[in-house]
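Some structures to go through are shown next.
Two complexes are shown next, each including chain A; its partner changes from chain B in the first to chain C in the second.
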Partner chain A sequence: MVSIINSIDTGHEDMIHDAEVDYYGLRLATCSSDNSVKVFDIKSGVQTLIDDLKGHFGPVWQIAWSHPKFGNLLASCSYDRKVIIWKEHQRKWAKYYEYANHDSSVNSVQFAPPEFGLILACGSSDSSISILSYNQGTNSWDAKKIQNAHAIGCNAVSWAPAITPLFGNGEGDQKPQLIKRLVSGGCDNLVKIWREDGDRWVEESKLELHSDWVRDVAWAPSVGLHRYTIASCSQDRRVVIWTSDDCLNWHSTILHTFDDVVWNVSWSLNGNILAVSGGDNKITLWDQNSEGVWQCISDVAKGQGQINN
Partner chain B sequence: MEREVKTFVIPNELCKRAGITATWLTVDQLSVRAFEKRNIKLPDAPSNFLSDTPSSIFHLRQEVILFHPILRKLVNESCGVFIAVQNLIVNKNPADYKVELFKMSRQYRSIIRACLENLQDDLSEAKGQEKEQLQNYITIFYSVECIWHLCEILFVDIIPGNLVLSQLLEWIRFHFPKHERNAATMLASESVNLETHQDYWNTVFGSLLQGRVKIVRALLRPHSSADHPTFKLVDQVLRAMPICSGVNGTSINEFNIQWRHWTMDVQSKIDAKLFSSEKHLDLIMRLVVGEEKAWIEIQDHCEAWYEFLAGWMFYTEPTAKSFELGQYAKRSITKMRVANNLKHLDRVILAAMEFDIFQVIKEIQHMTENGWFVAHLSDLLFHSSRLTSLEKEVPNFSAEKLRESFILEYGITLMGHKSLWPVGLSYLDHCTHDGNQVIALLLPRIPLDNEAKTLKIIREAKKRDLNDVVQCICKAQGMLSLKRGRIGNALCWALKSQDGPFTSYLADKFLQDYIKNGKLGSTDLLDNLGSCMLVSDRLIFLGKYFEFHKLYQTQKYKEAANLLISLLASKIIPKYFWYVLLIDAIPLLESEELLFSSNDTFTIMHCAEQKEDLPELKDKLNILKLSAARNLARALTYEAQNE
Partner chain C sequence: MSASSTPTFNNEYYIALECKDLQANAMAIDSSGNYVLLGGRRYLAIRNLEDEYEVVQKYPRQSKYDVGAAEWNPTQFHKELCVISSNQRLEVVTTRHDDLTQTHSLRAHTRVITDLNWHKADPNILASCSVDTFIHIWDLRDPKRPTLSLSAVAEASQVKWNRLSPHLLATAHEGDIKIWDQRKGTVPMQYIAAHLSKIHGLDWSPKSENYICSSSQDSTVKYFDITNSRKSEFVITTTAPVWRARHTPFGSGLVTAVVPQLRRGENSLQLWNTTNRATPVHTFIGHRDVILDFDWRKQYPNDLDFQLVTWSKDQTLLVWKIEPYIQKLCGHEPVEVEVGTEIVVDAIESRLPRKNSPKVQPLHQEFSLLNVHIPNLIVKKMDPVARNVAVKVAVNDFLVHLQVSFPNAYPFGVSPIFQVMPGSTINDSASHQLLQMLKHLAQQRVSKNRTCLEPCLRQMVTTLEQLSTSLDPNKVYDRSYLEPPNIFGGYNDAYIPFPKTSGAKFCSVGTLVCFSRPSFSRRVPTKSESLTRATTPRALSALENHFTKQASDYMTISTYYYQRHRSRAKNFSKQSRTVVHIYDALGLFFMNRQLAEEYILDGDLSTVCKHNGAAAAVVGRFDLVQAWTLAELVAGQSDDKEMAMASHPFGSKLMESLINHYATQYDIQMAAMLCCIFGKEMSRKSAQSLSEQSKKWKLKATSPYHTIPPADVVADGWVFPMMRTKRSTSLDNIRVEVPAVVRTTKPQSTLYEYYKMAYAETLHRWGLIYNRTEVLKYTYRIPDVHKGVEFVSECTFCERQVKQYGCVFCKRLALQCAVCGDSVRGLANSCAPCGHGGHRRCLQWWFRKKSVCPTGCGCRCMSETARLFDT
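Presenting the complex of A and B:
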């Protein structure tokens, strides 16, 4: 059985576009078309509004929490072309950094895995992707931009987990270099993989399969050595699972063709279950059986089911 | 496998109109909310869903019955047996531990039994919804116990000569204890006309079907007509019933001959209508010779087809081998006319009797006890080499993978609980493929409620060489302490996390606080830094500066002076701290005892000159220069005299 353990009335005056809990699931941040970002304490099942963050002048599309090792920073991106990073001080959040170097709506923000440091990727409708890195020494943010990442616009970005390369350059005790990668999806119907190369970001792979705008991409947490898995979903009503052993040769599997546009994909913490939400007002959960085939799961014993409204 | 899709409804008006989306929260929680994908081309205006109705977010979680306190013991104790099984198989070859595995299987069963007893106890006091819930758990675990027992007989135990009947009867007797209980009560009552008891004949037939011939005879004796010749004859016949004792070929053949003689004898007596005056006795006799019609008559006495099966086999196929069980099972189902009405438990039992282990495993995944059963049973079957043997039959099947997938899932489920996570770890540790990676992903996500828990998580991470996890947790704790203004604590965590820049940042805080209020905090920590301080230059400086203070306070001025000089000569002094060190030099320069050599004094004077533009030093500079000059004069005189 599945039960609703918490129903949180956000008090937003318009559509909520994103709701994210922090690393330990103790705080919830929401953002809305009413231009605001709200932070709630949801520890022990009781919701308390901690702060209402005003700083954007347009619908706020997405928010992201940083890893607690950087303090609980919150990033938000908006139609107003800005990305704001908020920092908490005594239960109040204040603007910590504002990035206004996009020429159009910023649709997606994601913090990199903490192993890489404090880094934020932002995807925008101006077709570019920005990567903002915090430099502790100078206490400043450094921005790099991938121009023309996706024609017409970038809809979603997602970081690759920090996996040490199997045959890294590490010899002896030297720790092998972690490679930063991210995946993006856009209005050019493409899914693209980007890799940091020195001080530049280069396009490593271009995954072509979708026949309409790619709405969301999600890089799966890595379980099992050196196997990369990405889920993408599109207005072509399909969800595609991309897998690779080396990040260069990608194999695609169409998870399913749905009855309507698919808006979002979300991996469970250990990457074994994918939640898919679409225009058919349904959320379906998928996992891979022992033969490696993707299936919609409904096993009550495992407590997963289709959530319908 | 066919899976039935469960649908859950989100009771929200806005969700209904706008659509919904979901994101994962924690191991077992999903967040659901209303969703409208806006397009860049849409005007930046309130959406169509702007309204007074609240926009809510719903957090969903799968219900895990194992988290109910009453099942806690089951979870913990079975983990103990699980670990014992894993330890057992490490160093031995399968032939050696077969017997041990059978014992482990019985231990698992006794844990289930104890759990059922607890549930029964609590049920008597429970009310309403809770009662319903407990009743539900009891049903689940009764089925689990019943299937486990059968699987143990068929797949784990070693049955001599494959003669399955006696074990099968034992299984039936265990799971249908009603007749034995009733018989005991009746016999204990020492009544002389037992047949007046309303359950009398039920109990007689029940015992007969379970192969308890002695009890049947005992029950017939207190019948008011027990002295009647028919009763005496029946007693005689039953007493003469042959019993299969040995398992080797000769004794079985011998038994079969005896059995045939005996049934022929009984049949002739039936044909001679020797029992027809007593219809119950007549039925007993016709049953023991396996008369089809009699067995149809008795069906109503059987609660389940397998109760029927065991009785029927006892009187008609007493020497059946285990591999023949499946066909007899099917026959019983047909005879009982329940083929179209098989419940989940029936299906699993049939699959087990047909030795279709795959089907058993598939079915028991649906038992709604969150994978406890399938994880433990498939582990046991795997180690009994029952799963590996399937690899030859099924292409691309890996027994190890199957076992691991269940253990992994069970472990992950437990990882989602606030206090059962260490138990979850024990299971994940025995997943050789993905266990460690899953631990690395989930361990750092456990909310750190208190310091004891945090330290425990760190210990578990260290045990598994998950250094990144340890560092991440320590750093996060450091940040938290810093936020709460507890710098000493923060430094402590920073040191554990081995994070150089963070440590430097905190060391700076210490020094700046010192400038502000003249005090160095957390002296215990600073006093015991030892080699930890090497993680950052700033920390080395802090440590050394603290040492300087200590020496000064204990009036070891000479050592203090030496340390000060070596600090001034080093390249690790923070810019903002230069003037403090230089001012600290003044009292030492003015000390009665000569503390600085001429060279030392030159060093101080050189530094003072270099830093004379520091605004903080402005009003002290002259005093410093004067002191240094005076000390230099003293030192030169002293050195000249002692050359």
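Presenting the complex of A and C:
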């Protein structure tokens, strides 16, 4: 069912903290504690290092690819309090924009859905979330900060998909109102949902269930089921699935309690499968059966390319 | 400046240091008796008295003030600390790690500090007094403010703790002595009116806690019993104002020095026996200028080797040996006289090796000629007897301790041996290169019988500089910021989450990207953790806590995991630590790439369904084959109107349930395809019915000239040029708008839109742009509202809106020229406000002379149009 395409020896000198393949599946970016970000070409199973991006002075925690309509952009965030957006030009990468306005390590970056434009959200340990938007008219970046988003620090950010099937009352004449929504998780054990209201960002909901730091949040891509779904994982070893019909009242289900901290949750593009990984060094895939119960459909043995069903 | 000479006692002293540019005012000896600190305005220098060949270490100071006083901490606990006073500030420095670093800076005095004194027993307590009349008692554990402040009315010139009683301290103010008890700091315990002129020095007796002596400007030294202080016990009268009087560590002697500022030619110290005070029992002569400070080396009472160290304005440091007879003169009986002579013998013997081995080439000259002012290089030790030199070089982030040993035959054809000592931070390849270079250079020179030490040292610095920059041109970024060993350790690290070392992410369509720690990494749980479940810590600060016990150079996440296997891990290729696995997880979903490529939507419904069904069969999805067959039945054309399933209520319901079935299973591919088929069928049906009537239909917000299909709105710059030919003014396009009519009746049509768009997104990611556009044709995407000016023309004859110059309906040319009456073909102009127009040439000719519209409607076309566009 799941087969290995490629195993890439990144050559990083220290441990890897994130890896992501781009929109078309042609490039892989990895980031590590050795302060560098590496980009590989992985077309048709052959790997080649395209470039090694150096510019951070501390371990790089996360990277994110943008939608290709903005060009080949890659964002990275690091312990050194900086967020750097890199742009490719003829197989060479260079810094496109650098944001250094955080007071502490920036832990998470994610690009917004392309329908909103070129926008990047960054969550930092100085408790704030900054939203960087590119303004094409002035060819510059504006930054908006959500101050005190989470006490102590914000660990993860994730955007809600732009198109949801909840718009359209049959009128269809006006363009549907695309509301920007963001979910974030922090050291205050909370998952918060933020909505853009005019010029500012307001907290729309606060989801409380976790008993320890929330390490990752992921908003599921809409599958047209008139439902919003968010997954969150935490130091308390649990993964929680939150669902809502209107984005105001949320219902929670604990997916599972693991053996060690859970670091990462990721939704598939379609199919509603959740990939979970954590400190116990195991990767598991979860799916909902016809009754709506979450079950583990496979588990990826550590780094050996086998999937046990 | 020269290095020291041999430490034989010549008469009674030897020159420990001669340093012309030091200009030190204060001198202090530490508790071990080996280190001497000399404090001057520009430098602090430390001399190790034990090691005579060691070059004096000089540490520059950034201050415009002289060092007023200096003292090493006398306790064992903090014996590496030394305090110096600099105008109003006290600086506590430490000599840990081969370097002098400031640990505390104590500020509270508002005028210059005149004296300071460590507590004799408590390692953290320090007293300082100043011209501002305050005496501050400091505790190093809380350096921000003094723990106790004693307020005296007059300015204080001396402060000294009692040597035996831990709570007493004495201060001198002009000619008075005040005795304080620190437990009651509001008033002095005792008040002694000692002298009529200023007191320069105070010294408590080492034998009794009640006795103190004071030395004064009036050339006397007075000795007091604080319990009975009305009158001094005795007075020593000297010939000059006494600067300091200090008790000897043996017997009952006192050493006095003359006030240096007087410069009266009294360049000697005098030793007195307090029991017999008529004249000094001994005079220490040797300095060429006034004595600034003096102290005893090894002051323990059982010690036999008494040495006095003096520092003079002639910039020499002399160490005086106290001969036993001198000790006797002070009333002290030296126990073993033989030990005293042995010292002298040792000193003589150290000369012998040189005389007995004539073949050994002397290094003295080379060492003395060596210019040690090489940047980044510090010469730690130059031993001509042992024939080795130790240097330390710090360049960028390389720190190299190099030892150079000179064989006996050097420099005649034999080169010295270079060795990089442990404790250097330099990688193996750079170290190897460095040693190669040194060997090569040395060999070149000794083969010509020339000395090579200095050129080698200079070349070493240059090579290290080159090596450190050639490693990585981007390293220059690293250095200005955080150095690798110190990267963590900010106080915020408790708020930063522990780094993740394994992850899985879904990317692109069905790609799963995974990375994790390789199996051989194991984390050894610490003792506390094995009690509870060993889980990964929460915050980054756990990394540092883990490392405080080990002296690890690099505190990174990988050393956290590989600690046990560090030596072995080097043998494993480093790469196996950082592998990323990419999986194709498409099999978990219902998306099939082959089907996506094979499916078609163009053409009539039955062929489409047949083709797609066949494609599904090839792939093996027989359930889909069934679905396609059903779809064909429902949507297929049939001549017999009654049999047309589409209009049959069951038909549409069947389609809907099919779509729903696939959607709930997350088979977006099939659901979207079925929606397209459904839409195709519905639109065909509606178009048929519409074409039967001839009525105007409203074109929605699109401009009639806007013929770009909605697909372009989504794809922006990603439409390939060939796609433009897909743009047509055929009925196909017009049909796109028609579903709007159908849409309003079905509430779940928005859902269908969604499925199509989600599928289109997947196709985009796969790069199947053509297929994507096909699907998008079936979506109702509201195009951007045309924000400009629209020109809608009506056919002059049948009054229907037309896009081209030929009216489709009445088959005549739509526009009639207002001037000449002919139908317009070619360049045409019209007036926006009144709507009349014609040939360009005709209008040009007309408006040369006239300003009103040629039709006679009264509109002033030129000015009106101009006004319209003005805003």
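By our rule, the second predicted complex is superposed on the first by the 283 of 309 C-alpha atoms of A that agree within 3 Å, B and C clash if a C-alpha of one lies under 4 Å from a C-alpha of the other, contacts with A are read in each partner's own complex, and residues count from 1 in each chain.
Everything that follows uses one rule, which is that a residue touches a chain if its C-beta (ideal position, glycine included) is under 8 Å from a C-beta of that chain, and two chains touch if they have at least 3 such contacts.
All of these numbers come straight from a predicted model, not from anything done at the bench.
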Legend entry - Superposition on chain A - do chain B and chain C clash or fit: clash
Inset, instruction - Give one of first, second, both or neither to describe whether A:88 is in contact with chain B, with chain C, with both, or with none. - result: first
Inset, instruction - Determine, under the contact definition given at the top, whether A:264 touches first (chain B), second (chain C), both, or neither. - result: both
Inset, instruction - Once the structures are superposed on A, label A:283 by its partner contacts, choosing first (chain B), second (chain C), both or neither. - result: both
Inset, instruction - Check the residue A:212 against both partner chains and state whether it touches chain B (first), chain C (second), both, or neither. - result: second
Inset, instruction - Answer with first, second, both or neither: which of chain B and chain C does A:295 touch in the superposed model? - result: first
Inset, instruction - Tell me which partner A:14 touches in the superposition: chain B (first), chain C (second), both or neither. - result: both
Inset, instruction - Quick one: classify A:275 as touching chain B (first), chain C (second), both or neither. - result: both
Inset, instruction - State whether A:22 touches chain B only (first), chain C only (second), both chains, or neither. - result: second
Inset, instruction - Based on the superposed arrangement, let me know which partner A:137 touches: chain B (first), chain C (second), both, or neither? - result: first
Legend entry - Clash-bearing segment of chain C relative to chain B, given 708-716, 726-734, 816-824 or 834-842: 708-716
Inset, instruction - Take the contacts of chain A with chain B and those with chain C, and give the residues found in both. - result: 1-17, 19-21, 23-25, 28, 30, 32-33, 42, 58-59, 61, 68-69, 79, 104-105, 107, 125, 153, 215, 221-225, 261, 263-264, 266-273, 275, 277, 279, 281-283, 297-298, 300, 302-305, 307
Inset, instruction - Would you mind writing out the residues of chain A in touch with chain C in their complex? - result: 1-25, 28, 30, 32-33, 35, 42, 54-55, 57-59, 61, 68-69, 79-80, 104-105, 107, 125, 152-153, 155, 163-165, 167-168, 170, 172-175, 187, 212-213, 215, 221-226, 235, 237, 259-261, 263-264, 266-273, 275-279, 281-283, 285, 287, 297-298, 300, 302-305, 307
Inset, instruction - Could you pull out which chain B residues touch chain A in their complex? - result: 3-10, 12, 15-16, 18-38, 40, 44, 46-47, 49-50, 54-64, 365-371, 374, 396, 398, 401-402, 405, 409, 412, 433-434, 437-438, 441-442, 445-448, 468, 472, 475-476, 478-480, 482-483, 497, 501, 505
Legend entry - Residues of chain C touching chain A in the complex: 472, 474, 477-478, 481-482, 487, 492, 495-519, 533, 535-536, 538, 540, 556-558, 561, 574-585, 587-591, 663-664, 666, 668, 700-701, 715-718, 740, 743-744, 747, 750-751, 753-755, 757-758, 761-762, 765-767, 780, 782, 784-785
Inset, instruction - Enumerate the contact residues on chain A facing chain B in the complex. - result: 1-17, 19-21, 23-26, 28, 30, 32-34, 42, 58-59, 61, 67-71, 79, 88-89, 104-105, 107, 114-115, 125, 136-137, 153, 215, 221-225, 261, 263-264, 266-273, 275, 277, 279, 281-283, 290-291, 295-309
